[in-house]
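In the part that follows, the structures are each spelled out as structure tokens.
Each of the next two complexes has chain A plus one other chain: chain B in the first, chain C in the second.
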Partner chain A sequence: MPELIKSTYRDQAASLSGTLAGLDSLRDKAIDRFAETGFPTARDENWRYSDIKRLRGQAFAAAQIQSDARIPDAICTTAARLVIINGHFDQERSDFGDLLQAISVRPLANHLMANSERANELRVGREATSVLNTALMRDGLVLVVPAGVEIDDPIEIIHIMHDAENAAAQVRHLVELGEGAKATILERFIGDDSAYWMNSVVQARVAEGAALNHYRMQMDGSQAIHTANAAVSVGAGGNYSACNVSLGASLARFDAQVRLLVDGANATIDGVALAASRQSHDMLVHVDHRMPSTNSDQVFRTVADALGKSSFQGKITVADGAQQTLADQSFKALLLDRTAEANAKPELEIFADDVKCSHGATIGELDAKAMFYLMSRGIDPTTARQMLVEAFTDDALARIDNAAIADALRNQIKGWMMAHVPNTSGKDAA
Partner chain B sequence: MAGTQETREQVAEITGDYKYGFSTDVEMDMAPKGLSEDIVRFISAKKDEPEWLLSWRLKAYRAWLKMDEPDWAKVNYPAIDYNDIYFYAAPKSQDKPKSLDEVDPELLRVYEKLGIPLAEQEVLAGVEGARKIAVDAVFDSVSVATTFREELKKAGVIFMSISEAVHEHPELIQKYLGTVVPQRDNYFAALNCAVFSDGTFVYIPKGVRCPMELSTYFRINAENTGQFERTLIVAEEGSYVSYLEGCTAPMRDENQLHAAVVELVALDDAEIKYSTVQNWYPGDKDGKGGIYNFVTKRALCKGKNSKVSWTQVETGSAVTWKYPSCVLAGEGSVGEFYSVAVTNNLQQADTGTKMIHMAPNTRSTIISKGISAGRSQNCYRGLVKVLSGAENVRNYTQCDSLLVSSTSGAHTVPYIEVKNPTAQIEHEATTSKISEDQLFYCQSRGLGEEEAVAMIVNGFCKEVMQHLPMEFAVEAQKLLGISLEGSVG
Partner chain C sequence: MLTVRDLRVSVENKEIIKGLSLEVKPGEVHAIMGLNGAGKSTLANTIAGRDDYEMTAGSIEFDGKDISELEPHERVGEGLFLGFQYPVEIPGVSNLNFMRTALNSVRRYRGEEDMSAAEFMKLVRTKAAELKMDLEMLKRFVNVGFSGGEKKRNEMVQMAVLNPKLAVLDETDSGLDIDALKVVADGINAQRKNDTAILLITHYQRLLNYVQPDVVHVMIDGKIIKSGGKELAAELEEKGYADVA
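Take a look at the complex of A and B:
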């Protein structure tokens, strides 16, 4: 990678010095590490299916504050709508509802200002994108839900990228749920057609008996690069439930690292990716079962149309002594066109014997028999195909416990199908 | 499922008892330790090789120097000092023996002790009415005897050591050597190309069904030596061959390197069945000694409707790094991989297969059973790849892991890469221990715990075992028993 890119990012990190209290030494550490490693290549195992030539080929400027971006309508009743434009939290255009009476929500800067020791909670990260996020983070939200507080309606965080050609947003959110707390976070990502880079890191801690639902609706602009990392730790009897629906961006990556740290911790991580022309969607999950009696389940469904590519790398680790672990994973990919591509690497790494772990992966086209069945009932081929694709992706949405969010996601998937499924000329239609 | 003290002792006893661990004093002819261009020239000269082969070796050696040892497998071992290995060790003999009578009787006794019949009238002990098996016996770096050659010759089958084939059938060797596994394929393959000492060459002419099973028996005997054999099997149009391979080594405290290359070529409608029972010395219960088994095995299904089937039972070696693969280049060709890998004590195995679907209507089946006991690590690593021009590809993969101890590890790393929508790819994997219910059921029928475990493990492996030729299945079952009996804990 050209040294110029590294030095540009180093300059950007230096210019941020002093902007977030207590963070400078972490920034230095991160930029040094980034300078050492640079961006990965396809030779790096976790990046073998992501082509990040564009990240390697140019330095993105820091995206600037924008006030004229349009804020989309809410898709469900929300507890609060928090707006982030070009990576900057826009307090004025956010709607906190009654949220602040129950929980604490504040921008990263304020959170750190109150106590700079808190900078120690931030992690440098493992992947180059997270490391660079640490070096260049400017803003983000810190949500702290106190013990026992349950927020029923989702807290929506809308990320908007507007007029950000060749610019990047480095967003860092921290989410903390106290004992027995409950919250749902809906992250939405939208943007215009400028060639921007959205790089987000979410760090979440789910305490004993707490439950965090984390839904993501990724609809970034068609020229965008979207890289996201979620680092989550779950306590005893706690539950982390995620669903990532990925439609936008030319290159999209969602990388979830979930650690089940105490007996009885649970996680479910699901996802849908729809890859149209020249899009590449990459989803990575690592569920780390550290302690006995921890459970995890994953359901991923991807659909790739002409020149689209969907990839999945799911890893389940069961540590030595983490007995009575149940871990399950299912990945299915549908290819709609000759030029579509799907890759899967479902990996198990198991160091304990009293466990039950399994994964299943399939890749193929629509089942000709199912098509025939529907058509013999008088359904036209296009509708039949859409029904089957819908049923296929629906598997991964089954665990979303907010009907409005599930419907909104379904509508987006439907919209995608309208544009892509009729165009396919599967031989089953003959 | 706590094992009793008695059980544990029994395990220690059994696993400590590697019955092929003896070594033999045979007068040896060795090259100096270490590796250099001179050693490569020495090996080539020893075998009186033609110029083209020497330059081929040297090219590989130079390529190897620039390559890095792979580190992606889930195995750990101390760095290998390539200058502390004898790359050539051969039993001393005046001339090539003309018949078995001229082979050093000490060597014959070794094979007798191993239960490998080198005398042609004999068949494997303990199997009544067994079929004839032709054997090529490789002792350290050279082939010492090949049986049933005359009878095979009548059928047109060429079965001889590869160094003889270089002289007798240079056109075939030149045509096929290195075409399936290129010199630069990987670090250990390149090393093998440079220093391979001997191995087996099999050629089945058009339309011939090989009249008997062919077999190579590898034995590492000398200390501090590496074994680098090379096997090349070519099955012409419409032919069929079943080939078996077995191996053992003495118990020594040092680790020994075994880096083989196996190349199979199947032309139109040909079928090759390749079975391996790998029983290299696995090291002692503390992980001392044992063979590093770093092997590249690949089949090219070049012809239409050709078929290659790999069956392996892996019980030995301290470290295994082995991925028998099929390149399905001929339309309608079929690749199969059936594997049982058992690790105990401190053994490490990273093994699996690659199925590369290049042509339409190609099919592959992968059945892998991993069993981890003791403090061992057992990893399945596989790739199923479908290229965009390959229509109607079908693959079914099943990888099951059984954990027999709480201190062992079982890992699965499958890669699935598909660029054609008509492909139908299925992959399933499970990891679990022997279920309490199954054990209870068996025990309630009066079986002891040991027997019950053995029965369940045998059932677990059955899908693979049934693909082994009968003689091997017998040996493999016994091996499974030895490797695992009583290791429940």
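Take a look at the complex of A and C:
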């Protein structure tokens, strides 16, 4: 990797010195680490399916504040709509609703200003993208839901990238749920056709008996790179439930690291990725069962059209002594064309002997028998294909407990099918 | 209604139907009987337009129209129905959604308006009740977790909802106990009252105890070698295919 790229990012980190209280030493540590490792290559196991030539080949500038981006309509009733444009929180254009009466929502800068010690809670991260995010983070939101507080409607965080050619947004959000608290975060990502990089890290802490739903709707622009990391820890009887729907960007990665730290902690991590021509969607999950009686379940469904690629790497680790762990993982990929690609790499590391862990991965085409059955009832091949793809992806949406969000995601999937499943005859389908 | 002339069909370059002709008039019930491998299912699938069945010669006319170049769904629009020997399970697609999409697809093909959800539900309720199908089963995924008999019952409900001009029923009676067999027979007989012509493809005579065919054909090695009245079925049962042939 060219030294110029490393030195550019070092300069960017240096220019941010003093902007976030208490963060400078963490930034220094992160930029040093990044300088050592640089971006990974395909030889790095976690990156083997991601083509990150563009990240390795150029330094992205810091995306600038923009105020003329259009804010998309809401897809459901929300508790608040928080707007982030080019990685900068736009308070003016955000709608807090009545949320501030119940929970605390602050920009990262204010959060650290109030107590710079809290910078220690920020993670450097493992992957190069997360490490660089730590070195270059400028803004983000800190949501603290106090113990016992339940927020029914989703809190929407809308990330918009606008006029950001060769520029990057480095966003860091922190979410904390106190004991018994409940909240739903809906993250949306949209952008124009500029060749930008959206790099996001979400750190979440789910305390005892708390429940966090984390839904992501990734519809970044067609030239974009989208990399995201969710680092989540779950306490006793707590629950983290995520669903990542990935449609946009030319290269998209969602990397979830979930640690089940105390007895009875649960996590479900689901996802759908739809890869059109020359798009690559990677989903990586690592669920770490540290203590006994922890449960996790993953359902991932991906669809790849001609020259599209979808990849899944799912790792489950069960620590020594984490007995009565239940862990399940299901990955299925549907290839709509012979030039489509899917990769699956399930990985189980189990150091306890009284556990139930399972995984399944299949890669296939649309079922010709089912296609003919639908057509033999008068349904045209295009509709038949759409029905089968929707049925296929629906598996991964089943746990979304907000009907409006689930419907909106289904509509996006339907729209994608309309655009990418051409009006072919049944003869091609079979 | 259906005129098949000198039909030859190959599957994976192997000729299965070897010059078959057949004429079914409106409202008639024809039974095609024959041993496994005679080409009965190939005939049914070819009429329905399955694409791995290659017509190498002959013609299929339906209601005065050559349908051999039509796609399967277009043939349904013209008024054809294929009942499956092994109805397919489709996880994730509800029976009701499936049937409503099917019915409205057919209506659109015919230039008719979609049926409203309320009207559709009324129609399905009536048909399901007639065929003793539990409405709860219709809310489930298509054929998923259905017993063999329930799947066939489901086929009958679909047929009733689509109300075809001609139904080709491919071994719909196979693997059924006597109660399920009666349900299928009831479905066929009810459809018969609507003037639907029926082409019953079967291995055994027993369905014909409940459905009286107008014509019985004996099919051996890709050809119809003998046709006659319903007494031919009894003769087959008694003497076996070798002697009748």
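Quick note on the criterion: the second predicted complex is superposed on the first by the 422 of 430 C-alpha atoms of A that agree within 3 Å, B and C clash if a C-alpha of one lies under 4 Å from a C-alpha of the other, contacts with A are read in each partner's own complex, and residues count from 1 in each chain.
What we mean here is this: a residue touches a chain if its C-beta (ideal position, glycine included) is under 8 Å from a C-beta of that chain, and two chains touch if they have at least 3 such contacts.
Predicted, not measured: the structure shown is a model, and the values here were computed from it.
Engineer: Aligned on chain A, chain B and chain C: do they clash or fit?
Structural biologist: After superposition on chain A, which the two structures share, chain B sits beside chain C with no clash.
Engineer: By residue count, is chain A touched more by chain B or by chain C?
Structural biologist: B
Engineer: Taking the superposition as given, does A:388 touch the first partner, chain B, the second, chain C, both, or neither?
Structural biologist: Only chain C; A:388 stays clear of chain B.
Engineer: Of the two partner chains, chain B (first) and chain C (second), which one does A:323 touch, if any: first, second, both, or neither?
Structural biologist: In the superposition, A:323 touches chain B alone.
Engineer: Check whether A:333 is in contact with chain B, with chain C, with both or with neither, and answer first, second, both or neither.
Structural biologist: first
Engineer: With both complexes superposed on chain A, which partner does A:87 reach: first (chain B), second (chain C), both or neither?
Structural biologist: Neither: A:87 stays clear of chain B and chain C.
Engineer: After lining up the shared chain so the two structures overlap, which partner does A:341 touch, if you call chain B first and chain C second: first, second, both or neither?
Structural biologist: first
Engineer: With the two structures laid over each other on chain A, which partner does A:235 touch: chain B (first), chain C (second), both, or neither?
Structural biologist: Once the two structures are laid over each other on A, A:235 reaches no partner at all.
Engineer: Should A:358 be classified as contacting the first partner (chain B), the second (chain C), both, or neither?
Structural biologist: In the superposed model, A:358 contacts chain B only, not chain C.
Engineer: Determine, under the contact definition given at the top, whether A:379 touches first (chain B), second (chain C), both, or neither.
Structural biologist: A:379 sits against chain C, while chain B stays out of touch.
Engineer: So, does A:45 touch the first partner chain B, the second partner chain C, both, or neither?
Structural biologist: first
Engineer: In the overlaid three-chain picture, find the nearest pair of C-alpha atoms across chain B and chain C and give that distance in Å.
Structural biologist: Closest C-alpha pair between chain B and chain C: 15 Å.
Engineer: With the touch criterion stated at the top, can you tell me which chain A residues are shared between the chain B interface and the chain C interface?
Structural biologist: Common to the two interfaces on chain A: residues 426-427.
Engineer: Give every residue of chain B touching chain A within the complex, in rising order.
Structural biologist: My answer: residues 72, 74, 388, 401, 403-433.
Engineer: Could you pull out which chain C residues touch chain A in their complex?
Structural biologist: Listed in rising order, the residues of chain C that touch chain A are 48, 50-52, 71-73, 76-77, 82, 84, 87-88, 90-93, 97-99, 101-103, 105-106, 109, 142, 158, 162.
Engineer: Enumerate the contact residues on chain A facing chain B in the complex.
Structural biologist: Listed in rising order, the residues of chain A that touch chain B are 45, 320-321, 323, 333, 335-365, 426-427.
Engineer: For chain A, which residues are in contact with chain C within the complex?
Structural biologist: Going through chain A, the ones touching chain C are 367, 369-370, 372-381, 383-384, 387-388, 390-392, 394-395, 425-427, 430.
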